[in-house]
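For clarity, chains are labelled A, B, C and D in written order, and residue numbers in each chain start from 1.
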Amino acid sequence: MNPVNYLYLAALLFAIGATGVLIRRNAIVVFMCIELMLNACNLAFVAFSRLHGNLDGQIIAFFTMVVAAAEVVVGLAIIVSLFRSRHSASVDDASLMKL
Amino acid sequence: MSFPLLTATAALPAVGAIATAAVPAARRTAAKWLALLFSLATLALAVVVAVRFDPDGDRYQLTESRSWIADFGVRYELGVDGIGVALIALTALLIPFIILAGWHDADPLETKSSRWRPTQGFFALILAVEAMVIISFEATDVFLFYIFFEAMLIPMYFLIGGFGDRAHTGSDENASAQRSYAAVKFLLYNLVGGLIMLAAVIGLYVVAGNFSLQEIAEARANGSLDMATNTERWLFLGFFFAFAVKAPLWPLHTWLPNAMGEATAPVAVLITAVVDKVGTFAMLRFCLGLFPEASKWATPAILVLALISIVYGALLAVGQRDIKRLVAYASISHFGFIILGIFAMTSQGQSGATLYMVNHGISTAALMLVAGFLISRRGSRLIADYGGVQKVAPVLAGTFLIGGLATLSLPGLAPFVSEFLVLVGTFARYPAVGIIATFGIVLAALYTLVLYQRTMTGPVKPEVAAMPDLKVRELAVVAPLIALLIVLGVYPKPVTELVNPAVKHTMSDVQKKDPQPEVEAVK
Amino acid sequence: MSATAVHSLWTTAADPIDKIDAPKIEYGQLAPTLIIIGAAVLGVLIEAFVPRKFRYYVQLFVSVVALAAAFAAVVALAAGDYGTTKARIAAMGAIAVDGPALFLQGTILLAGLVAIFTFAERRLDPVAHGNRVDSFVAQAGSVPGSAGEQAATKAGFTTTEVFPLALFAIGGMLVFPAANDLLTLFIALEVFSLPLYLLCALARRKRLMSQEAAVKYFLLGAFASAFTLFGIALIYGYAGSVSYGTVAKVVDGTVTTVDPALAGTMGNDALLLIGGAMIVMGLLFKVGAVPFHMWTPDVYQGAPTPVTGFMAAATKVAAFGALLRLLYVVLPGLRWDWRPVMMGVAVITMLGGAIVAITQTDIKRLLAYSSIAHAGFILAGVIATTEEGISSVLFYLAAYSFVTIGAFAVVTLVRDAGGEATHLSKWAGLGRRSPLVAAVFAVFLLAFAGIPLTSGFSGKFAVFKAAADGGAGALVVVGVISSAIAAFFYIRVIVLMFFSEPKTDGPTVAVPSPLTMTAIGIGVAVTLVLGVAPQYFLDLAGDAGVFVR
Amino acid sequence: MNTENLIALLVAAPLLGAAVLLCGGRRLDRVGHWIGTLLSALSFVIGLVLFTDMLGKGAEERSLHQHLFSWIPVEGFQADVAFQLDQLSMTFVLLISGVGTLIHLYSIGYMEHDERRRRFFGYLNLFLAAMLLLVLADNYLLLYVGWEGVGLASYLLIGFWQHKPSAATAAKKAFLVNRVGDMGLSIAIMLMFTTFGTFAFGPVLESTGETSEGKLTAIGLMLLLAACGKSAQVPLQSWLGDAMEGPTPVSALIHAATMVTAGVYLIVRSGEIFNAAPDAQLAVTVVGAVTLLFGAIVGCAKDDIKKALAGSTMSQIGYMILAAGLGPIGYVFAIMHLVTHGFFKAGLFLGAGSVMHGMNDEVDMRKYGGLRKYMPVTFVTFGLGYLAIIGFPGLSGFFSKDKIIEAAFAKGGTEGWILGSVALLGAAITAYYMTRVMLLTFFGEKRWQPDADGNAPHPHESPRSMTIPMILLAVGSVFAGGFFSIGDRFMHWLEPVTHHDHGDSPLSAATVTGATMVVLVVGVTLAWFQYGRRPVPVVAPRGSLLTRAARKDLLQDDFNHVVLVRGGEHLTRSLVYVDHTLVDGVVNGTAASVGGLSGRLRKLQNGYARSYAVSMFGGAAVLIVATLLMRAV
């Protein structure tokens, strides 16, 4: 089928992820939404790769996965430490610093 | 290249500043003497400059030129014309008196932590200001001038805010509040002016490609550089705004009364007699020199503002309750005269304006410093707190009166010469303006005499009954100034001869001829 | 496009790849990066094998040596004309070694070195249980205020991991402005971002704020990099390649071989414009331009102050470097599209940063907003789109980074019982209590305000001049106005320090070790030298003003 | 020897005295007054030397010049310090230094008990120097220096007793009103500069023919304004009455004999200008005429002896100005009256001073009476002065004033008639108020009582140092007029400067003299009926409307107060307010509004990561849309 549709799907996923970031409170969920956005990018890469018939896109996708994994490591570490000191993973609770 | 005299003149006080600042906290008096010494040495150098300068020689003399920031097209170019020499001399002359007058102003009230050294700071800052002022009188490179024009704000700012007048009105708390308000106001006004000028400076570079006063002037003369009329006007306005803030010209004047009111008398003198002169000087050198056409275009508006300054400043001086603010408004009125003379664009007007800068420096110094001595005795700036002083301290009163008479430009004292020249010069081209400006002399008499009457005459107030007369140090400050006022009033020739050629050049910059008398009277 | 075309793609793509020739790497020209990364890895190993009480010293030694060596390598490369005549694309098109790259790498390395000094400072906090402590938490895992934390402190634990982390970050930053294809750009971005997220979380005092800062920085950073990545995807879709050179050719339409698929996508400018915008947005986030700035104040405030200084300086340098390269190498063809937009961004950044800063009450937040305003000024230089613009930005970055690190270093000195006393009211009368520190800080503030004879003025003049030359006179006017506004709050701090009576319960000024002193000293020196005699460095930046392509 | 080199010494001597006395300090207290007197005497002597030397020369080469140095050399503008001594200046030099010396002498006694006597003499010398400079200058700018110099001296001397607020105020008022006049002078100089390119007497006065009458009229009117200020002519006369706050010798020297006549000098000196500008001349005569009535009327109503005399001075100067306004017909007589008036008015003031000296400084004539027994010398000298001023036949005033009245008629036309009759009327009133003064002071029964703290005045004759000058002046006031008029000596003496011509009088000299005699008798008898026959009430009766107005200087001061002082105060106060609220307010307002904006924008930073994300997302959207739009447009 037409790879362009994959692009639409990617855009959709990206939008969903972004929306999730904007509306969800729980840090973990927000983080997952970001992962969703990254994967949307991956989909786009692969689709374009098919479109152009070169493999760069697919390789980039692998890089992205690694980066995402790294982000998970760092991100979870930070979020967990926050959770442990506050007993809440809500991003809205973490608002000591403002104005 | 021969010995860089101008650089030395500017560098000496800078070195002095560093040296003074380095004096250990305990050796307060040593710091004072060191500062005085350096200021006197600078004066000596300034005299050398004045001697080495040949009025009939080139326009800019003792020139120095080194490359500095090639990327910005900036060169380290120094050079003086007669006007510059006169003002350098004035600066170098006044600083020692300022230092001497402020001898005790910065003594710490109680010994704070050993590292807190107000005295050293005070005198170091004064010398720093001197250095920057002198070099901005010498700079023939717009950028170089701009740098120091801006940089001198910082030491001034600390002088105003850090060493306020102890004889304030009201509680200690609100005094320091008022003082830092005054300091911030001073800095922001001038900084805004300076930043707007910065935009114009950049614009000038975009148009002209370099900053050298002479090169640009030549380029304009031989037509290799022609600015679009609008460009020139915008650039002119950018420059003029900064200078008008510094000068200060109505309606940009309101920082001056606060600054002079809150600062100690010597610092107030430093502001109005020395630093502000850079503004008027720059109008003469840069506004007219770089943008002659635009200057002519703007003249009517500027003349009106100058007139307003003259009358308005005088009227507000009449309305003041605070001695130092009164002097400040008087200065605003006088700066109106100076600007009037500059933009009348006649030889008499511009010579008068230049002379005025010098004389106003001396006369205000005399008046303000005596006022400072008076205030320091009674601990109040309010006119109403005084009365009958001449009975208990006749010498103080006498010197105060002479200072006042100089301020109202009494014939025989220096300011008369300059003021009359300005008036004649203005009248020659714009009779109506000249006549209106003449009202200024009546108002000047009004505020001066009212001030003198309220403070010095009448029955002796109990608070001033025990007031001591001028001490030796104070007399040493005032007497020479007064002598100078009389000498320059009777025999201003040395200064005028210094200035005349420079004025000729400026007149040719703006391509203006003096209006000729209708009758060529039999000589 | 038609199914057959896709099919043909499919078949071509399916051709067996018989051999892959090994990539050819110019190790010499990549030396700086490699040294740093290597040292970072070494640092990790040190954490693993060196006994705890030596780690601090070993780590410090390794990092300093590595940074020095890397800087030496950069100098060597520059001396070898790799910045000018011999500028090359290295690592099979992944990394450019040219003037801007070397200049920025040099700046980053020096800034990093100075920052490492502040990292290693151990004299400021009072001795805890007989151990000197730095400004990093004893054990990141322990819960704030918990028994575990105290135990860790008692045991004299210190988070010496900060050194390798910083080195990794620096490594990423070195690559970032040199990246010559979008993938490398993205990877570099992540490589220097992730360690920074962690570093933010490691404050010894005010740990809750520190962790909060880390979370915010991390989430928003990841969010932004997702946008970047998607942008990259779109550009890839547009040009069929992520290599700067190819993309640029495609954008200009000077590409040699156009297969039908490329022809199809090339026609679709939306891909290009949207993709470009999203990448730029990611970079603008890193430099903290309005409206992508909102993380800045919180993170700057929450992070350990040495880290804040490091971030504020090095991140800006790296990100602006990448931005320059992207706009000047990849998207010059779109100049007329992005220039107006960037102007808008620059304007609101200058004004926004300056205006909001006026009412700040915390010194670190104040500096954060000032850094936003400065990002605006630098953008003005970026917009010039002239060689002069490039060099002016390079100069500004160099000048700015040292002032920033120095300023934050001074902030670490002013302390009370709760650690650093960052609330402005605490700074009242500092000038009376310790004139020297106050004077130094005043110098930095004046430099920020762009008063003549400080580096701030030279930089500001350079970028404004470039902007005016580049025909962006309006920006200069706005810049001047916002400088005036900005001056107001810098002066407010000075007034506070010098003209207001010291509070009796005011903070004390800690006497730092030579490390911090060096950091501050370098800051002051650079400020004054670049203010009084900037010519030499302007020449450097000027020579470095050409991108290889 | 070359006499013109002496001219500078005329000025230098008293100037030196002033410098020494004012800077000398206490150590000079004992001898100070002598130094002052000697130096003023010295300049009188030099004056005499120059005078004799001048008499030796022919009428034409009597004008001496001395060029000292170039004062303000500026492109196209030359001001020199140079002196010109011709017959006119000479007359003034002798008058000033002569009367001046006498009054120095007088002051020695008069100021004996004042601990600041040294400074008093310093000021007196300063005045002499300035006044001599004024009459010796050879250009208007230098004259201006002297002009303001005497203003300063009179300021210092009026306010000599500064501890009295009234004195300080009077001094300030005098200076300010004079400044208004000075404005006129400086504008006149500017006009000369733009018209003739110079303001030296010679060139200007010679080339009056070469410019328009309009210009000259303008210059003339400005000069007139100046003269009004200095010579207390309407409308700038208000200061003279208050100036009597000063010590009496000051009133005698400055505010009777010399300074106040500077205006007359100025006009006569600028004769050529006025001759060429009839309108200006007319204005001068009008001012003169108005003032001579004004002063006379005021003089009638005052009970303060010095103020009465001040009024009379005003009116007498009115005569001179009137004469000066008549042009060549009158110049000579203006100067002549000026000289004679110098003698008798100085004498009268010194007399008044001597009376006050004996009466504990009481000035209210209603508290005098019958003093002739107590102070005979004063009585006689005062009496002679009295006879002189009212123009009693044979005495100075008779000749000079009578000539002026003739000249006024000689002006011709209705103007002539009006001016002449005004002058006559003035003569009558003069006779009236002077007789009044005489009677109140020296005749009738004594009316003084002990004052509050019980010490009654013991009238006594003044010491020798005071009486001698009075006697000498009395001699002058008796004979000067006659001496001048015999063979029109004075006229021929001044001829080269003032170019006299006799107008054609409609009335013969005899008729005029007769008329004068008649009005004189009328005036005296009126006064006698009012004050001579019946006893004088110690407290002044309410009096007619005119009287009350006259007591208050014909409401001039009230007008000034309401219009100028009040108005000015309101203006300044409102301006101060404007400066603070408007000019300053605008700036502070901008600052405040930026601050407010900052406060609002700050709220956006609400600490919630998600809202930050929103702003980023929105920003990205805007960025993308904007980029696309850029392409679209």
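Methods note: a contact is a pair of C-beta atoms (placed from the backbone, for glycine too) under 8 Å apart; a residue touches a chain by one contact, two chains touch by 3 or more.
Per UniProt, the chains are A = NADH-quinone oxidoreductase subunit K; B = NADH-quinone oxidoreductase subunit M; C = NADH-quinone oxidoreductase subunit N; D = NADH:ubiquinone oxidoreductase subunit L.
Just so we're clear, the structure is a prediction, and the values are computed from it rather than from any experiment.
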Which chain has its Cα centroid closest to the overall Cα centroid?
B
Tell me which of A-D and B-C has more C-beta pairs in contact.
B-C
Which chain's mean C-alpha position is the greatest distance from subunit A's?
D
Between subunit A and subunit D, what is the gap in Å from one C-alpha centre to the other?
97
Return the distance between the CA-based centres of subunit B and subunit C, expressed in whole Å.
46
Length of the line joining the C-alpha centres of subunit A and subunit B, rounded to whole Å:
65
Roughly how far is subunit B from subunit D, centre to centre by C-alpha average, rounded to an integer in Å?
37
Which subunit B residues touch at least two other chains?
188
Flagged in subunit D as touching 2+ other chains are 591, 602, 605, 607, 609, 613
Per-residue multi-chain contacts in subunit C, two or more chains:
215-216, 219, 223, 227, 297-298, 488
Which chains touch which?
A-C, A-D, B-C, B-D, C-D
Per the contact definition, I'd like the list of subunit D residues that touch subunit B in the complex.
22, 69-77, 81, 141, 144-145, 147-149, 152, 155, 159, 162-163, 165, 167-169, 172, 175-176, 179-180, 182-183, 186-187, 189-191, 193-198, 202-204, 206-207, 210-211, 215, 568, 571-573, 575-576, 579, 583-584, 587, 591
Contacts from subunit B onto subunit D in the complex sit at residues 188-189, 250-251, 253-254, 312, 315-316, 318-320, 347-348, 351-352, 388, 390-391, 398, 405, 410-412, 416-417, 420-421, 423-424, 427-428, 431, 434-435, 438-439, 441-442, 445-446, 449-450, 453, 456-460, 490-493, 496-497, 500, 503-504, 507, 514-523
Interfacial residue positions of subunit A with respect to subunit D in the complex
18, 21-23, 25, 30, 91-92, 94-99
Taking the complex as given, what residues does subunit C use to touch subunit D?
215-216, 219-220, 223-224, 227, 269-270, 273-274, 276-278, 280-281, 285, 290-292, 294-295, 297-298, 336-338, 340-341, 344-345, 352, 355-360, 485, 488
Note: in the complex, subunit D contacts subunit C through residues 591, 594-595, 597-599, 601-602, 604-605, 607, 609, 611-613, 615-616, 618-620, 622-624, 626-628, 630-631
